[in-house]
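The same subunit A turns up in both complexes below, where it pairs with subunit B and then with subunit C.
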Partner chain A sequence: MATQKPERFDQVDWTEISRSRWFDLSINSIGMLAAALPLLIVALYDWQVLDERTPTLEPVGPAWDVGTVDYLFIFTLLLFAFYIVLPLFQNPRRTKYYWREFKRNRPAVVSLGWLAVVFVGGIFGPFFISAPEQSILTGYQPPVFLSVEQSYVSTCVGEVVNNQCQGTWQHPLGTTAGGKDVFSGIVHGMTISMQIGFITTTIVATIGITFGTVSAYAGGWADELMMRFVDIVLSFPTLLMFLLILYIYGAGLGMFIVVFAAFAWGGTARYVRSKSLSISEEEFIKANRISGASTYRVVRRHVVPNAASSIITQLTLLIPGFLLAEAQLAFLGLGDSTIPSWGQLISAGRSDLSFAPWIVLAPGIVLFLTILAFNFLGDALLDALNPEAEAENA
Partner chain B sequence: MTDEPILSVRDLKKHYPIRKGIFNRQVGAAKAVDGIGFDIAPGETLGLVGESGCGKSTAASSVIRLEEPTAGEVVFNGNGRGGASRDSDGTHPNDVTEFSDAELKRFRRGAQMIFQDPASSFDPRMTVGSAVAEMLEVHGMSDRHRRRAIVEDLLERVGLSAEDYDRYPHEFSGGQKQRIALARALVLNPDLIIADEPVSALDVSIQAEILSLIDDLQTDFDLSLLFISHDMSVIRRICDRVAVMYLGEIVEVGPTDEVFADPQHPYTEALLSSIPTPNPRSTVGGIELAGTVPSPTNPPSGCRFHTRCHRVIQPDGVDVDQSDWRGILNFRDRVAAGQVDVESIRENIVVDDGPTSDDHVRAQLRTEFDIDERIGDPEIEGTLQDAIDRLLAGDDEAAAELLSDRFTTPCAETVPERTVHSPDHESSCLRHESEQATAPGAADD
Partner chain C sequence: MGFGRYVTARVLWAGVVSLIITTITFLLVSAAPNPSVQEAATQAALQGGDPAEAAERARELRGLDQPLYVRYMDFIESVYTFDWGWSRSRSQPVTEALGQGLYYTAQYSVPWTVLTVLIGPLVGVYSAANMYSWKDHAATGFAFFGYAIPNFFFGIILLLIFGVWLEVIPVVYNTDVAVFSVQNAVQLSIPVFVLVTGSIGAVMRVSRNESAEFQNAEFMKTAKAKGVSPLRAYAYHVMRPTLVPLSTTLVGQLLALFLGSSLLVEVVFGIPGIGRVTYNALIAQDTNLLLGSTLAFTFIAVIGNLLEDLVFTVLDPRISYDDR
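Coming up: the complex of A and B.
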C-alpha cells in the first residue's frame, strides 16, 4: 500500500498530510475498545433491564450473577491484557531482555509461578469448583492423610479408624465448622484476592499517575494545592473512615476496594510527580517538545513509560497491604461475610484452632505465600525494569 | 537564491527573573541573552561561538521557541513562508515569537534542532526507529508502513542500516546516536537546523565523520544551519560565517575566513589563540583571559568584556605598558571587591633571613597582578604606590577609593557601537570607533 506513495522524507507533501485529521488508534486501543464496549452494554443491560434477582447470564445458560465488582474486575483484566501483556508480545526483544534480567532473581521466578497459580485459579477455578456450601453434618472433616477424633465430627465422610475420622479426597483440605470445603474456599478466595489486587491497583494507578503528572506539569500554585491535597489524603485515617461507612451503609467487598483505593493513591501521586519532574528535565523530552508534540502526548508516550518501572514496582508492593487489610478486617469480623475470602475463612476457624487447625492454617499459609510472592516480585521488577541498569548492562 | 534571509533575529532577549522573598517579588534578572541579532541566508551555515555560560544555548532555544524569549523578533522565512512583508503595525507575519500554536507546529516542520549529548537525547524505552518516526506521527502521518519506509530510507542516508530501526538507543555508540539525531532532525524536511554543540561530546575522529555528514546533508537538501560551538576549530571547518558571543551579546560577526585571519574584537583574538597549533615546538602565543565570565545578573557596564580584555583602553594622558594597565585594573577591581588580604600575603611569603618586610609584600602584590616593578609613567606609579601604602596601613576603603578614582577606562563607560570593517564583517569594540565610521545603524537595530 505504501509503494505508490513517495518514500523519501523530502518528498512528503506535508500540507496534504497535516490537513487530514483522524484518530490514530493503536491495535491495543482498538482491542480494548472492542472488548470493553460489549462489557459495558452487558453491564447496562444488567443494571437497567434485568431485575435484581435474575442472574445476568441466565438467558445464555450459566447461573452466574455478575456483580459490580465482577464488572470492574473484568474491565481491569482487559486493561491488563491489552496494555501490559499484549505489548510484551509486540516487543519480543524487550520482553526477552526483561525476562533475562528477571530470571536472575530465583525467588522472584518462584513467586511469579505462585502468583500465576493464584491468578489462573482465581479466574478459572470458580467455573470448575462450585462455591463452598454450608452442610452442618459434614463439619470439621480433616484434610486428606490427616485425622481428627471422632467426637468432634458429627458425620465422618471417610473411614473411621481407631475412633479417628480420616480425611478424604472429597475434602482435600478439610471442612470448616459449617461443613464448607476449605479447598474450594481457598480457590474462591483467590478470585477475591485477585479482584482486590487488580481493581485497587487500577484505581490507584489511574488517580496517582494522573494527579502526579498533572501536578508536575502544572507547577506553581496548582502544584502546591494538589500536593497539599495529597498530604491530606495520606494523613486521612482510612480505617476509621471505612468503619464509619460500615456502620452507616454496611460494607461489601466493593465498598472496601473503593474506600481503601481512594485513600491509597497519595504515595503513588507524590512518587509519580517527583519522577515526572526529573524525567521532564531530560534532554530527550526537550527533543520531543521540539517535534511539535503536545504536552499530553509527551507525558503519555515518554514521561509515563519512563516512570513506569518505578510505578509498577510501587504498585506491586501496594497490593499485599490491601490483601492484609482485607484479611485483618475479616478476622475482626468487620469484613464482608457474604464473600468466601481467605480472611473470612481464617476468621471462621479461629475458635477451633485447638483441634481443627487446618481451617486457619490452609488459607493463612496461602495468604502468607501470596503476600511474600508480591514482595519478591516487586523487588525483582525494580531490578529488571530499571532503565539505568539497562544502560549499564548494554 | 533570494536576498531574503531564511532566519533573521533582531534584538532577541531572554532574561530569567530572579525572585526572592515570600511574595516572590522579582529582584533582578539573569540576562542570559541580551539583544542579539543575526541573519542566516538560505543554504548558509552560521557559527555561534563563545565560552561556556555566554548564552549560546539559551539563544538557540529562544530562537526555536523551546523557551519563550523575553523580547525581540525572530523572523523565519523558510517553509514556504517567504516573501512576506511587514504588517502596518510593524509586526512581521513570520515572527516566530508571535506564532500561534498551529503556526508553531508548522514551524516545527521548518526548523529542527540537534542536541549536544547524544546519550540523553533519545528516550531509552523507545526504539530509535520509532523515535524518528514519531516526528512524522506527530505531524499527522498515520500510515505506519509509510512512516517506517521513510525512516528506514533516512537511516541509510545518515550512514546506518534499515535494520537499526528496531534497536534501542543504548545499543548505539555516541557517534551513531548523533547520526540518528540528525535523521530525527531531518525527517520533517526542515529548511533550518539548529545544532547545539553537536560534536562536542564526541571523539575527535568521530567529530570529523559527523561534520562531513552534516556537510553532505546540507548540500543535498539545501539546509541552512545555525551551528553552536565553543570549539573554534570545529567552527572553522563547517561555518560560512561566524558570530562571536560574549555574555549575552554578539561582539563580532563576519565571514569565517575573515574573522579567523583578522579578528577585530579582542575576545575573538583570545578565542582564536586558544586553538592548538599542530607544531609542538611553537610556543603557545595564547592570550590568557583572567577570571571567569562575569555574572549575567549584573553584567559590567560599558563594554561587557572590559573586565577581562587584554586590550582595555587607557584613558587620555595615560600611556603605560598594556599588560601593566590590565594588571592595575585587575588590582583595582580586586581591592574594590575587598579580595586583597595583605595579612595572608604577608604570611605566605617565604623569606630566607629576617622577618618579612613591607617591601616584600609590595613586590609580591606586583608579581601577583603582573605589574612591573617600576611603571614608566611617574604619575601612575605614584598613585599605585600610594594605594599600596594605604592597603598596607590597613585602610582598604581608602585604597579602593583612590584606585577607582584615578584609574578609569573609557571601556567601562561607553557601550561600543557596531563598527563595519568590510561589507559583512562587524564588531563592537571601542578601539575601532575612533578609527572608522560607525555602522549606519542597519544591522543592530
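Coming up: the complex of A and C.
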C-alpha cells in the first residue's frame, strides 16, 4: 500500500486517503463484515432454529454449546483482530516506533508476555484441556513436587512416601476438595477472564466514545444534560446495584458483564468529550471542514484516532477492576456458579486453606499477576502512545 | 458565582443524584415479583387454600395493589424520613440494624481512611523527592503490589498466617472486647493493614507523579534560594498543589474501595459491620434490610462525592465556580 511510506508528497495515494463515501469500505471493515456476518447467521440459527438443548455445533461435530457470552466474545475478538492487530501490520513504521518506546519499559514487556499467555491459554486452552471434572476420590491431591499428609487424601494418585501423598504431573497444581484439577480450572478461568475483559471493554468503548463525541458536538444544554448524566453514572454504586439485581432477578456471567460495563463508561465519555472539544479547535480540523468533511467523518477519522491512545490506556486500567469484581462476587458465593472462574476456585479452597493452600494460592496468584500485568501495561502504554505524558513521568 | 451559591447548587445536585438512584432502586424492586407474595401463595397452596386469593391478600397487605405512582411517593417519603421498615432476619428495625453494623465498620474504616490520607501523599512526595533511588523503587513496587493484590485474597492469606499459624489475632472478630482496647487494636490491625495496602498504592502513585512537576518549578527554586528549609519547602510548596489533583481522585477511589472491600474484608475477618449486614440480608432474602443497606451505601457515596467537590474548591482557590 502506498500509505506505508508517506515520506514523499507525490507518492501519497490520494484515492486511498480521500475515501469519503461510507460504502467504500476499507480492507479492515470488509474483513470484519466477512467474518461477522457468518457469526451473526450462526447466532440467529442457534437462537431461532435449534432447540435449546441441542449444542450449537452438534451437526458439525464438537459438542460445544455456544452461549450468548461466547458469541459476544468471538465478535469482540474479531473487532480486536481487524481494528487493532491488523492496522499494526498495515503500518509497520508506526508499529516499530511504538515497540521501541514500549520496549524501554521492561516490566511492561514481561506483563505483555504474561497477558499473551493468558490470552492464548484462554482462547485455545479449553480445546486441548478438558474442563475440570468432579471426582471425590482424588480430592486434595497436592501439586507436583509437594506433598500432603495421607490422612487428608482418600486416594493418592502419586506415590506415598513416609505417610505423605506426593504430587504428580497428572495434576500439576493439585486438585480441589471435589477432585477438580486446579490447573485446568485456571486455564478455563483464563477464558472467563478474557471474555470479561474483551466484552466489557468493547461495550465501554462503544458507549463512551459515542456519548463523548455526541456530547461535545451537540453543545449547549444537551451537552450539559449529558455530562450531568455522566456524573450520575460515575457516582453509581455498581457492586451494590448488581447485588440488588442478583437478588431480585438472579444473574449469570452475561448479566455481570452488562451491568458492570453499563456503569463504567463515564470516565471514557468525559475524556473523549474534552479531547473532541480541544481537537475541534485545531487548524487541521478547520482545514478538513473547509474541504467539506462531514461531522461524522471528522469524528471518525480525526477525533477518535487522536483520542485513541488515551482511550486504550484507560480501558487497560479498567479491566483489572472487572476481573477483581468477578472474583469478589465468586468468592462471596454470589457469582455465576456454572462457570469455572478463578474466583470460584479461590472460594472453593477457602475452608481448606490450612492444609491445602494450593487451591487458593494458585488461582489467587494468577489473578494477582494478571491484574498487576494490566496495570503495568496501562502505565507503559501511557508513556508509549502519548509522548506528552512522558515529560511528566520521566 | 460566589462560594455560597456554588455550595448550594452542589448540595442540591447531590440531592438530585440521590433521588435518581433511589428511583432506579425502586423501579428495580417494583419490576420484579415480590418474593413474600409468592411465599404467601405457596403457603396457601400447601395448606389447601386458594393461592390466587392468598397472593391477592398479601399484595393488599403490603400495599402492592395501589398504582405505581402512589407506591413510588410512599417509597420516597419513607426513604427520606428514615422509615426503612422492619428487618425480618434480624427482628429489628432496618435503621437499627444498619446502625449496629456501622458501629463496627467505623472501627476499622476510620483508622484506614486516616492512615491512607496521611501516609499516601507523604510517601508519594518523599519518593518524588528521591526519584529513581532504591527508596523510590521500593515504594513504587509496594504501590503496585498493593494495588494489584485482591483484598480478600490478601486477607485470607494474612488470616492464615497471623490467625491460624501464629495465633496473634482471633480467626473470627471478637465483638466482646472494648472499642478502645489493645486487644481490639490488635485484631483490627490486619484488616486495616489489608485495606491500607489496597488503597494507598493509587494515592502514592498520583501524588508522586503530580509532585514531580512541582519539584523543579520556579517557585521551588525561589524558595530554596531564599533559604527555606527543605521540610518547609516541601510541605508548603509541593504538598499543597499536589493535594489538589489528588483530592479529585482520592475520595472517589476510597469510596469505591469502601463499597467493595468492606463487604469482602468483613466477610473474611468475620466483622459484623455494615458489609456483613448486607451480605447476610442477601443470603437470608431479607428485602427490607438489603434495600436499606443499598440506600445507606448510596447516601454515603453521594455525601462523599459532595464533600470531595467542596474540599476541592477550598484547597484550590484558583478554580472559578462557573466552570463546574
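One rule holds for everything that comes next: the second predicted complex is superposed on the first by the 364 of 394 C-alpha atoms of A that agree within 3 Å, B and C clash if a C-alpha of one lies under 4 Å from a C-alpha of the other, contacts with A are read in each partner's own complex, and residues count from 1 in each chain.
Assume contacts are C-beta pairs under 8 Å (C-beta built on N, C-alpha and C of every residue); 3 or more make two chains touch, one makes a residue touch a chain.
Remember, it's a predicted structure, so these values are computed and weren't measured experimentally.
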Subunit B versus subunit C as contact partner of A:L240, first or second or both or neither: second
Subunit B versus subunit C as contact partner of A:I371, first or second or both or neither: second
First (subunit B), second (subunit C), both or neither touched by A:V49: neither
Partner subunit A, residues of subunit B touching it in the complex: 61, 64, 66, 104-106, 108-109, 112-113, 115-117, 120-126, 134-143, 145-146, 149-150, 153-154, 166, 168, 170-171, 181, 184, 186-189, 221
Subunit C partner contacts - residues on subunit A that touch it in the complex: 228, 231-232, 234-237, 239-241, 243-249, 320, 324-325, 327-328, 331-332, 334, 346, 350, 353-354, 357, 360-361, 364, 367-369, 371-372, 375-376, 392-393
Subunit C residues within the subunit A interface of the complex: 13, 17, 20-21, 24-25, 28-29, 32, 144-145, 147-150, 152-153, 156-157, 160, 164, 209, 212-213, 252, 259-260, 263-264, 267, 278-279, 282, 285, 287, 290-291, 293-294, 297-298, 301-302, 305
Residues of subunit A that touch subunit B when the two form their complex: 1-2, 5, 7-10, 12, 14, 17-18, 20-22, 24, 93-94, 282-284, 286-293, 297, 301-302, 305-306, 308, 387, 390-391, 394
